[in-house]
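After this come two complexes, each holding subunit A, first together with subunit B and then together with subunit C.
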Partner chain A sequence: MSEVEVRDLTVEYQTSVGWLPAVAGASLDLRAGQITGLVGESGSGKSTLALSLLNAVPAPGRIAGGTIEVAGVGDLTRLGGKQLRKARGGAIGYVFQASQNSLNPLKTIGRQLLDLGRSHEVGDLRALIARAKDLANRMGLDGDRVLDSYQHELSGGMRQRVGIVFALVLNAKVLILDEPTTALDMLSQASVLDIVRKVHDENQLSTLIITHDIGAISEIADRLAVMYGGRIVEDGPLLDVLRRPTHPYTKALIGATARITGDVDGARALPGRPPDLTTVARAGCVFRDRCPFAVEVCAQTEPELETFESGRRRACHVEPSTVLTGPVLTGTTGTPAAVGEPA
Partner chain B sequence: MIQARGITRTYQTHGSFTGDRTVRALRGVDFTLPDGGAVSFIGESGCGKTTLGKILTGLETFDGGELVVDGVELSKLRPRQREKYFRRIQMIHQDPYSALNPTRTVEATLGDPLRMRAREKAAAGEQAGSWRERAAELLTLVGLEPTAVLPKYPHQLSGGQRQRVVIARALTVDPTVLIADEAVSMIDVSMRLGILSLLRDLRARLGISLVFITHDVATARYVGDGGELHVIYRGEVVERGLTDEVILSPVHPYTQCLLSAVPVMRGLEEPGPDRTAPTAALDERTPTPGCLFQPRCPFAGAQCAEKHPVLVPFGLDAAGQGEAAAAEDGSGHVHACFYPESRRVVGVEVGAASA
Partner chain C sequence: MTAFARRLAGKLAAGLVMVWVVVTFTFFLVHALPGKPGDVQYEQYIQSGMNAEQAAAKVKAIYGYTSHDSMLSQYGGYLGKLLHGDLGQSISYSGVPVSRLIWAALPWTVIPVLSGLLVSFLIGVTAGVVAAVRRSSRWGGLLTVSGSLFAGVPAFVLALLLLVVFHTEWNLLPDAGTSDIQYDPGWNLPYIGSVVQHAVLPVCAYALLSYGGWLLAMKSSVVSVLGDDFILASELRGIAPVTRARYIGRNAILPLFTVLALSFGVMFAGSFFIEDTFDYPGLGDLLLKSIGTRDYPVMAGAFLLITVSIIIANILADLCYTLIDPRVRR
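What follows is the complex of A and B.
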């Protein structure tokens, strides 16, 4: 069962050369009770996809096609006005990228909570505050103190937790976190991730965590989706995907992660750079200029995201077994000239 | 070679909410950086890493201790004389986005310091080639294609490419030491290893030594062999040893907590058997007359709240008894804890444990 079903979603931004897709025909499910990790390099379209789950793509952007079915709400792409405002926060809680800086510096956290309650026409504001304190306490914060604080009085990890309080205080069943730990040190990261898992379990949420660091979510996610050039290129149960990545990009991302044990020379940076919406390939596979497995057809035909075994999907022309057993990584650790990114 | 002995730095803050406060950013830090060597500093936010980096580059003053560069004690020199030493020590900042001027091309960014350097060399009677050649040479060295990159502005480069330009600019003054402060933490994971292997290569090829500052311990393994890891907590080094030794068998509870926080790649790694976590969040307002880590330490014992532990070789107890694993000169594996015990906390590759 899925709380959220995204189908063929295309999201475009207006550029000097016309409307171009940042998300192109993406389909993704957020399953009830599961944490889904969405990974990919900067610019791959993760935040755009996540913001469209609120139907809140920033100008000059628009949802150009596809549907987003949210349980109990309907197709979000068709909602507007009051219904949409109710769904944001009410059904779907969102913690923004760099949310450490997204609080209002001039108002205490408590005042901002009351504003949120009023804008959602919450009748019992007292109960709202009580619930916020309870959430804060369960996340290891001192609820009373936090509500009386201004943003600058809180550390990065504390602000991230306050963001989660805001996202959940209206009883949202879907929680979306965009890069929740990117600016945090290791101990704060570990405690924020711990808390996300705990709150997720206690409130039986369906959670989406977005990051460019597979390592950071590998401990808490149930499912993994990998995004590149506006496409979902692979997804499946996290353990299975980490053990047996069948898309060359997934494999390269895993291999590029600095690891705390094992062979230092085993890990390699990805060569080249991820495309942005003006440079992404218009035909064929979007990963082909960085792909060590590319064959002729990759330049002509875009591979479709297809289920290739129970619970797993991939978008690649080459056989899963070829990718699995092929070269681990594409980069080299040799001289800097060899690891250099072509300009 | 750089030798730091007992470096201290204290800040007085005057907050409108918090009132006057004294922050002891560094409480007596010692380390030795041999020519071509590498030392890494790890620790959570606010523990003093950047302050140390700034002191080493002359961007910040220190109020106690000695800084000896190539045998010369810097605090004995006049500011003008000091400059010469600090020039050879270059800092690479965390944020490649704000480190470069957005209105200047790479050519302009490298051109100014290179022309100045050429004039200096000429004045000293040294041979100075054309600055353009030198710019191309440096860009090639950092793994960029000179003709493609020289005319570009920072926004036309990826995060990884920008950080390479920042490193090339640091190299224009022919430094002998690079201080990399969180040099990869703002870059996409996919590009980090490329920058790390560049730093490693600069050590090997040019004999540049490296001070590597990070909160991401795993990256410290990638800056080359023979590196020493210093674990710093609230301005104090609490454990030190060869990087892999400290990672695989840390003995200080704080190090153990830091390393336990490194995410385990499930499916590929299994959590270490002794994984642990601090019992409380950092709260600098709690008075700590004994061990600074005592309020958060999962293994605190009787002495910890009263007495302050100092660095001793692992294997010796606080009274100096026992078999030491460290040499007389203080190198080797040292720690500041009354109850040191080696624990295995980092993730191990699946299969590696049983093999």
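What follows is the complex of A and C.
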């Protein structure tokens, strides 16, 4: 059963040359009890997609088409005003990057929880605080102390966990985490991911984790969706996608991941640079310029995201078997850090 | 609260040191003035027929020292008298203690300055919020322009403009003094009414002088808070709009306490021109007149008081920070 069903979602931004899509025709399901990882380079549209799940695309952006059905709430793109406000936080919890200051610096965590409760017209604020403390304790925080603290008194990892408390304290069934491990050291990364897995399992959530770190996500996700140029280009069960990537971009992305063991030269950077709003191809496949498998049809028609075997979808004109057995991109070697950086 | 008390004590100590530095500076400044004001005075007394002892005593009463003493004992004598609240005697109002002149002038500066600050704070901050929230609309742009305009116009031009428009052209408000001559000073309604009427233009001048600063400071502060992560976060958590507005307001107003302390200095600087224009007997007017008549003890006293006021304003602004911002408090 899907908690969230995204269909043909298109999000546009106004630029000097008109409205351009940052997310084009994306379809995605978030199922109860599953953690979905959404990976892609900077500018691939993954954060825009995540914000649009709350119908909160920042100006000058707008949702231009498609639907976002959330169980128990309805189509979020049609909601406005108080209904939309209550769906945010109430039905869907959003957790910010640890490096971001997602809390009011002038108020204690506890008082901000009360603000949250009052904003959502929670009758029993005492129970809300008790639940928050319980959540905090189960994530290895000292609930009493944390609720009495100001944001600047907490470390990055603690803020991250407090962010999860805020996201879940109203019993939201959908949890979205934006780059949850970015800006954390390795140990904090691991513990945050463990905690996410734990609260996810305990509360039977539908969780979406947005990241550019395919290594981190592979630790805990059940499903993987890959974005490029505003499109979801491939998705499926995590291990299956990692073992048998059928989209050239997925394959390149996995090939570019450096591993702690083994030669760093084993990681191969993608040649070229990711497109932005203005440079993304208007016709044909958005990845064709960097694709070693590109054929003639790629320049003319954009491939649809289609199910090619049970539970797996891809948007590519080339046969899956060709991609699977074909070469990893042969570009620059030994500079995995250059992924996504200007050439 | 102990942390607060410790902070307060530290601020006061630092303030006292600053006052001492200013006092010392003033002393040596008056001392370094060409013509040695004390000596000139001394010669004048001798010429008017006093004997040397009388003349020296008189000079000592005025300045707190005579130039026959060594520099150090002169300085010590000056400090000693200051500690007793004795600022010396005025030269132009012969024999009148400087402290009495200053106490008489003080309310005519402090009350209009504070009223002007309050008015411009309320209007400027509100306009700043509007200018920030509506910054892409025409009204927001106009407000910002008005802020830059008033922040840029010098005090004397503002004061003269007010005078021309509201007195010369429309004759709505009186042009000079603190009240009309026919009323007896005291707690009676006609006198107070007249005082208020006379205070309107100076207060407006002070308000306009600082309005632009408030507006521009608040606008940039609100714009930067609006871009903060926690504001987006509160929106994504479904926090009620009223609560979010409070979050924005409280965070945006913080930097303005610094502006408050600074604008206090600007106001006093403006008081020279504003009090001169409206012939208003405040501190600025006193200082200006004492410069004109080379009344050095009054100069030093007024200068000292203005400095102390600004230092106190800074301490107050700092304490406000401590009360509001937990990052400073703990």
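The rule we apply is simple: the second predicted complex is superposed on the first by the 326 of 343 C-alpha atoms of A that agree within 3 Å, B and C clash if a C-alpha of one lies under 4 Å from a C-alpha of the other, contacts with A are read in each partner's own complex, and residues count from 1 in each chain.
Convention: a residue touches a chain if its C-beta (ideal position, glycine included) is under 8 Å from a C-beta of that chain, and two chains touch if they have at least 3 such contacts.
Computed from a predicted structure; not experimentally measured.
Looking at the shared chain after the overlay, A:41 reaches subunit B, while subunit C stays out of its contact range. By the touch criterion defined above, A:14 reaches neither subunit B nor subunit C.
In the superposition on chain A, A:190 contacts subunit B only, with no contact to subunit C.
One of subunit B and subunit C touches more residues of subunit A, and that partner is B. In the superposed model, A:96 lies in contact with subunit C only, and not with subunit B. Of the two partner chains, neither subunit B nor subunit C is touched by A:83. With both structures placed on the common chain, the touch criterion links A:153 to subunit B and to subunit C. In the superposition on chain A, subunit A positions 153 are in contact with subunit B in one complex as well as with subunit C in the other. Taken together, the subunit B residues at the contact with subunit A in this complex read 17, 44-45, 140-145, 148-149, 152, 157-161, 164, 188-198, 201, 215-219, 221-222, 247-248, 257-269, 277-278, 281, 346-349, 352. Subunit A contributes residues 51, 54, 56, 58, 85-90, 93-94, 96, 100-108, 115-116, 118-120, 150-153, 163, 166-167 to its touches with subunit C in the complex.
Touching subunit B in their complex are the following residues of subunit A: 41-42, 140, 153, 155-157, 184-191, 193, 212-219, 238-240, 242-243, 252-254, 256-262, 264, 267-271, 273-274, 331, 333, 335-343.
Interface residues of subunit C facing subunit A in the complex, by the touch rule stated above, are 228-230, 232-240, 243, 247, 250-251, 324-327, 330.
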